[in-house]
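Here come two complexes built around chain A, the first alongside chain B, the second alongside chain C.
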Partner chain A sequence: MTGRARLVLAALMSHWRRRPLQLAMLLAGIMLATALWSGVQAVNAEARASYAEAADRLGTGTLDRLEPAPGAVLTTADFVALRRAGWIVSPLVEGRLRAGEGRVALLGIEPATRVALGPAEGGAVAEGDLLAFITPPGLGFADAEVIRELEGADLGGLTVAPREGLPPDTLVVDVGIAQRLLNLGERLTALVVAPEQPPGLAPLEQVAPHLLRKAPQDRADPEALTGSFHLNLTAFALLSFIVGLFITQSAVGLAFEQRRQVVRTLRALGVPLAEVLGVMAAELAILALVAGLAGILLGWAVAAALMPGVAATLSGLYGAEVSGALALRPVWVLSGLGMALAGAGLAGARGLLRTARMPLLAAGQARPWAVAAARGLRRQVLGAGALALALPLCLAWGGLVGGFAALACGLLAAALLLPVVLDAGLRWLAGRVRGVLAQWFVADTRQQSGGLSLALMALMLALAANIGVGTMVGSFRSTFLGWLDQRLVAELYVNARTEPEARAIRDWLAPQVDAILPIWSAEVPLRGQPGRVFGVVDHPTYRDHWPILRARPGAWNEVARGTGVLVNEQLFRRAGLSLGDSLDLPGGALPVVGVYSDYGNPSPQAIIGQDLFDARFPEAPRLNQAVRVDPDRAAALAEALRDRFDLPGSAVTDQAQVKAVSLRIFERTFSVTAALNVLTLGVAGIALLTGLLTLASMRLPQLAPVWAAGLTRRRLARLELARTLALAAATALYAVPVGLGLAWMLLAVINVEAFGWRLPMQISPELIARLGVAALATALAAGALPALRLARITPSQLLRVFADER
Partner chain B sequence: MNARRWLVLLVLGTLPAWGQEGGFAGLGSDVQGFALPDPARDLVFPRDHGAHEDFRIEWWYLTASLRGADGRDYGAQWTLFRSALSPEKTGTGWSVPQVWMAHAAVTTPESHHVAERFARGGIGQAGVTSEPFAAWIDDWSMRAPEGGDGLDRLTIDARGGDFAYALQAEAEGPLVLHGQGGYSVKGPGGQASHYYSQPFYRVSGRLSLPEGAVEVTGHAWLDREWSSQPLDRSQSGWDWFAFHLDNGRKLMAARVRGAEPFLFGSLIDPDGRVRVLDGDDIALRPGQGTPPMSWTVELPGEGLALAVEAVNPASRMTTSVPYWEGPVRVTGSVTGRGYLEMTGYPLD
Partner chain C sequence: MSSGKAEVVSARGIVKAFPSAAGPVAVLNGVDLALRGGESLAVTGESGSGKSTLLHLIGGLDVTDGGALAVLGTDLRTADDRARAALRRERIGMIFQQFNLIPSLTVAANLAFQARLAGRHDPARVAALAGALGLSQLMGRYPEQLSGGQQQRVAIGRALAGQPPLVLADEPTGNLDEATGDAVAALMLDLVRQQDTTLVLVTHSLRLAALCDRQVHLHAGRLA
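Then we have the complex of A and B:
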């Protein structure tokens, strides 16, 4: 940097020394925007990295297992025999431990042989713990929640140490300790099999004829499902960032306006325009970098606070394992800095352009940019109109990108229209209020709303985003829980390992339960996609509860007769089906008689009558069944089933437990959403404060005459505050329909495009009321300082307005 | 650190990372409660071929310098390590505090194939018996055939993802006790181990490699060593040489690196007579590289000056605790073949 450039920079920078608050606002704007953006990016990056590791993680869910055939047992000796035959396997013991009221899953692993099979649940075991881990009474690992549940439980002296990143609701111990705790003797639950084995091994049937090799159960790809969650978070982050940009824009714009005189003087002294512009750009870049770095640190803190909640949500909701800890990843640090620089550049571009175009000798009038904004109302209407026209085009274009483009168009149009609507409302009000003071108040509010319009737009966007995302999460929650209620009607779900075992289970259950409903299915291509066809018996369990979205009258009768098929929403929407259309199935097409919701499953699915299923798919495995029984007896029966047939814990699912877990997970999701709510509103509050402080200095010429006319400073201050509150209230009111529109777009457009299902929107008046209050509180907090300053302003300052030549 | 590495460290609870206090592979750690090597103890065979569970660490270490029917040099390694987590002898089954680790490798002039296995003691997955001798882990084994006497005849098998071998070894000379009747001092502080070898094996067998099977013949050397603290805390690793010289003599020379390098060795006549060597007798000079791929080994008192060259410099053991181990060619005042082990170097 040349000496002159340094002088120019010093001259320009002196502006900030005189207006430290403005500098603080600028930095805060960039910092908060960056913090929100990078915080959410950090959460996303961390979660994605965890999936990548999970894909590579050879947990119980992704490895083949060897389990005993029905009637046979698997013992430690079998494990040793397989190892001695060269097979790379590792033993598992799975069971459940009574812990106070409830139970936790117990997982016994063998760390020495598990090494060769890649990272495992016990991967969190630290060095030096092995002796304690393998020798009685043993050392176990679990997350904090499980440890709380285990308090007071008799674990035979087992020490339980907290560990993050373990499967939910699971206590991990050594395989030998697990055998003792469960009184299994030498028995094991399963052996996990390494995917790659040395060549030339004796076949399994020969080494262990009594064991069955099972592929891991089909699992929905967590990537597809968790995508929804990340998409929403990213959208939220982007909105917050835009809100932050509004702040930056107003602060930067103001600074450029106020420094016109300095620029003029510098140029008159002979500094070339290019150098002034260059220094201004450099100054902005430095500020953006400083604030961006601070924002990244803050974002890190935000992410670290959010991460455990997100991790719990993802692991519980989608079975995706995400570590609760946060690692510093260059991806989001760079993206945060990039966003800070791009945002500041965007905000400063207009100011630089104006400076470039400024005639050298034009008077440095105070032509506050904020007031000028009011003159752009007509342009804003045009812009909003253009965006509104683009919206249906984006929708028609379709796809996820189209959906997001439509979302952006709608939000921006709504934001641009806000000042227009406020202005129209105030104009309307001006014609109706009586009294000098009231008329001045309305007129002055109208004049001021122009200058505040950017801040109000930011507040509106923040509120709308909160209403939109809050409504979406709430809708998702109640729909999903309602769907669970409908879908998981039966008290128990039992998966047998073999058909003879399934028959034995059914025979054993038959005298003790109200009904046993087979859940048999076959893999079948449906409209060209790999899908699944289920058979159902004619039973009230289905007729009364199944989550039907739309159906022909008597649909269940048609299904029972074998003359109709029900399809899931994904298939229905993706294939563009209508009721009555025929669906090709092996053995002949059937008319679609109804559609049901099927959240969480990415594949197409269809349901036909049991008799028809038996006739068309005689080869389908008959392994799984639902059991109807008195809910009070369900838990005991599940336990008895596991004991009687030596079933692994996962083979019997207790409906009540599934629901309880789901509920807990949703509460955690809410806490994440709530934290983001507070943060975006904070950003909007700062935007409002910037706007008000900016206006405060410019408004003295307007307020001084009113003061001179007899209004006390105190009264003026109260009126100022009332004005801010009124504008915020109007903005909040305006944000409600915008936010609901946003929610609708997320639920009915984005979700359908991304995942194939549409969620019914459930409006929560409580959420809206709470956000309304939050908006007013934000406005109050933002308006307090300027009002206080006005109340304390010295009369001489007001008098000077009349003396100063403007 | 990834979870895999964690698990490995857990399994080898005694093996902290490189460069930390405690010497190579934690061999410099404290020994509370474990038995200590005793110079007054007479080794008794076949009993001492078996495991000594009251000592912290022990190994059965066979290296074979081989030549293929194709005229090329090969090497094979079969190693079983026992590590006691506790000196307690209580517990049965899974709760026995013994952990086994095994390494197998085949080296060709172009490639180096490695496999590693772990097992817990107490369940029969790995172990060593002395009568008849058998050492095994999973399907790898080194055992005396039916009616075999001690370690005189052995069959050795191992198998990895891309290699396997089956070797038969027959001893042509007696067992050799190192140091003072098998009490071998390893450092200036007096740390020691019980250490004996059978260096006189003639070997034949077959290597199965990705490019096909090779019939091989050659020499093998079996090391037996156990201790509870063989290294001083300041000692970071060692260089160990075992040569089958063409004049029928065998030479073991080793250097433990530390504040002061500590050298020891044995020069063994064809009839099994041993001359115990110390720092005054042995001069080891490394060539270029880390770890060095060429050495000179000199015994000035014996008029021996040997140049040592790795058959394949890429003989890294990519195991949970990495080290370098591979066959070498010996030239100079007498020619021969042998094995070189280098531990405690930074390996990429």
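Then we have the complex of A and C:
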């Protein structure tokens, strides 16, 4: 930087020394926006990293897989061909192994190629064990429980060593050993694909056209609800960031506006325009970096404070392990700084452009306010119209990106229309109020609302985001709990470890309970996707309670007779089915007779009658059952079962307990959301305060004549506060339909795109009322300081207005 | 620091028009002007006659629509924004009707500002100027804490601190009462003469104009 540039920078920056509050607002805006963004990112990143770690312990959870297309087979030859073609893949065999009385999952891996897929798998097989692992009869790993089960089983001489941290109920062996144990010959289940592949690879269609590449979400995976939670948090973070941008926008815009004269002077004194612009951009970047760094630290602190709650939420609800400690990850530090810079750049772009276009010599009088404002409003209506037109296009485009784009269009259009609607309302009011003071008040409010429009838009977006996300979480909760009520009708759910144990449990239970309902299932491709088929017995438990969304009359009779199939909503929507369409199943197609909701599960599912299930899937493990019993006896019976069969606590689930846990978890989700709500509203409050303080200095010429005409300063201050409250209240009213629209988009568009199910929307008047109060409180807090200042202003300050008049 | 008797400002047939609702309105319509080093020139004329416009053109703040204009050897017809900025920065001191100080800088910083921009800052000279302008006691104040006359004295000091060969002053005392205005103007003329600086002074005051070496009157777009 040249000496001259430094001098110019110092002259521009000296502006802030005289206006520390404004600088604080600008920094706070960028900081809070970045904090919200990076805080949520931190929570999300941390939670994701924890699942990834858990799932990656064997390198299958988060990696893409190559699987044979329906009807095709995958063999070792395919693996060799792909490796020759340069693909970094590792073979996998999955199967079930009869072990004495029961079955365990068998997982065959190839340690040499597995290592290339990521660090987590390097430890799966220690180097010293490698030779024994891959050479027949081989070495297998399993936890102690599996080893006990495998005692006496014929494993062809395989040695099984204990190893912690493996998936439950699983024996891990070399892929060749697994092929031998399962009599698969050369066949493999899948190839795991490394995320980083060398450039210029021959495409899969060329090397192995009969294989399909599948992303992890395509497979059965318990993370769907978690994913939904993350997606919602991310949407919220984005909204918060937009709210933060509005503050930055108003503070930066103000700084540019106030320094127009200084810029003119600088140029008149011989500083080239390009240099002024460069220095202004540099100034903005410096401020953004400082505030962005502070924001990242704040976000980290917020995330760390929320993290135990979030960790509990996720692990409790979805069974995902999330470590409570938070690491400062470079990715989100960088993304936070990037957002801060991008946000400040976006906010400053307009100011820079206007500075560049500004004539060196003042072009006479500024346009009268009303003309300029009317032009601005017209432009906003046009912008809103364009966005409203783009919205259906985004929806038609489809996909998650289309959904989010539509969301952004809708919100921005609503924000742009807010000043127009407020202005129209005030114009309407102006024609109706009587009394000189009331008329002045309305006219003055109308003029004020122009200057406050950015802040009011920020408040509106913050409220709409809160209503939207709050409604979504609320709908999520009540729907999910209602669904649990239907789905978990039975009092107890008992999972046996082996089939003989399951039989013994059923025999023991039979005389003491009302009914025992098997929950047996088989993994089956459904419409080309890995899915699951359940068999159900004909019982009122299902007929009366199962969460059916739509069904043909007599659907349960058809299911019981084996002449119809029920499918879950995901399968129904994704495959574009209608009732009566036939669904291919192993052993023959059946007509779809009904659809049921199935939250928390992204993969397709179908239900057929128990007899048909037994006939078609004789190999399916018969381990789990639901038990109907007098609810008062459920807890005692669960205890007795655990004692009698020495079952682990988790093997017997008490439905009431599950619901209680779910409820508690949702409360935690709510508290995370509530914390974010408070932060977002705080951001909007600061935007409002910035706007008000800004206007306060410019408003003296408007207030001084009213003061001179005989209104006390206290009275003026009270009117100012009343005006702020009235504008906030009107904004809050406007935010309600916008927020509900946002909720609808999240529930009916984003969720369907992301997870395949749609949640019915449940509007909570209590939430809306609470947010309305919060909006007024925010406005009161933001309006108090400017009003107080006005009440305390000295007469000489007011008189200066007249002295300065030329 | 005399610039000799070379031509400092040389204008021939300058034309300048501004767009208006009813088409372009000619403000300057063939202005000729030649100014030697050390000369002081007073420009008078009715309000709206184009005095400020002429001064802005000479200062390179605006560009002519026609005619030839060279200032201190720089041909302003061909100079780009950067070159015009350099001319103002290095060689011209400007004093405006509205004081145009940087409100966030102190009197001291404002005084030294242009000299520092030009890389010719001399603290001793700034201190001497401040003394001569009666600003020594006010160096730590901000512009808004000064009276109009004090502010205009700061603006004069800023224009002269870098010892530019040409000073352009646009009604520097128009915002001041008569007595203060006369005092400030006299001070400015004094300082300009001491430095042997060329001065173009736009003023309504015939009394002030009489203090300059030459007087011209702008009427109907031409000098007389």
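Going forward, the second predicted complex is superposed on the first by the 614 of 806 C-alpha atoms of A that agree within 3 Å, B and C clash if a C-alpha of one lies under 4 Å from a C-alpha of the other, contacts with A are read in each partner's own complex, and residues count from 1 in each chain.
Note that a contact is a pair of C-beta atoms (placed from the backbone, for glycine too) under 8 Å apart; a residue touches a chain by one contact, two chains touch by 3 or more.
What you see is a predicted model, and the numbers here were worked out from it, not measured in a lab.
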| item | value |
| --- | --- |
| Contacts of A:P111 with chain B and chain C, given as first, second, both or neither | first |
| Partner chain(s) touched by A:L131 [first = chain B, second = chain C, both, neither] | first |
| Touched partner set for A:T76, first chain B, second chain C, both or neither | first |
| Partner chain(s) touched by A:G176 [first = chain B, second = chain C, both, neither] | first |
| If touched residues of chain A are counted for chain B and for chain C, the larger one | B |
| Partner chain in contact with A:R267 - chain B first, chain C second, else both or neither | second |
| Partner chain in contact with A:G152 - chain B first, chain C second, else both or neither | neither |
| Shared chain A surface residues [contacts with chain B and with chain C] | none |
| Chain C - residues contacting chain A, complex | 56, 59, 61-62, 81-82, 85-90, 92, 94, 96, 100-105, 109, 113-114, 116-119, 142, 175 |
| In the complex, chain B residues that touch chain A | 2-4, 6-11, 13, 16, 85-86, 91, 93-95, 97, 99-100, 116-120, 123-125, 136, 138-139, 159-161, 164, 320 |
| Of all residues in chain A, those that touch chain C in their complex | 3-4, 7-8, 11, 14-19, 261-262, 264-274, 360-361, 806 |
| Residue numbers on chain A that touch chain B, as the complex places them | 57, 76-77, 79-80, 83-86, 110-116, 118-120, 122-131, 133-136, 174-177, 179, 186, 196, 198-200 |
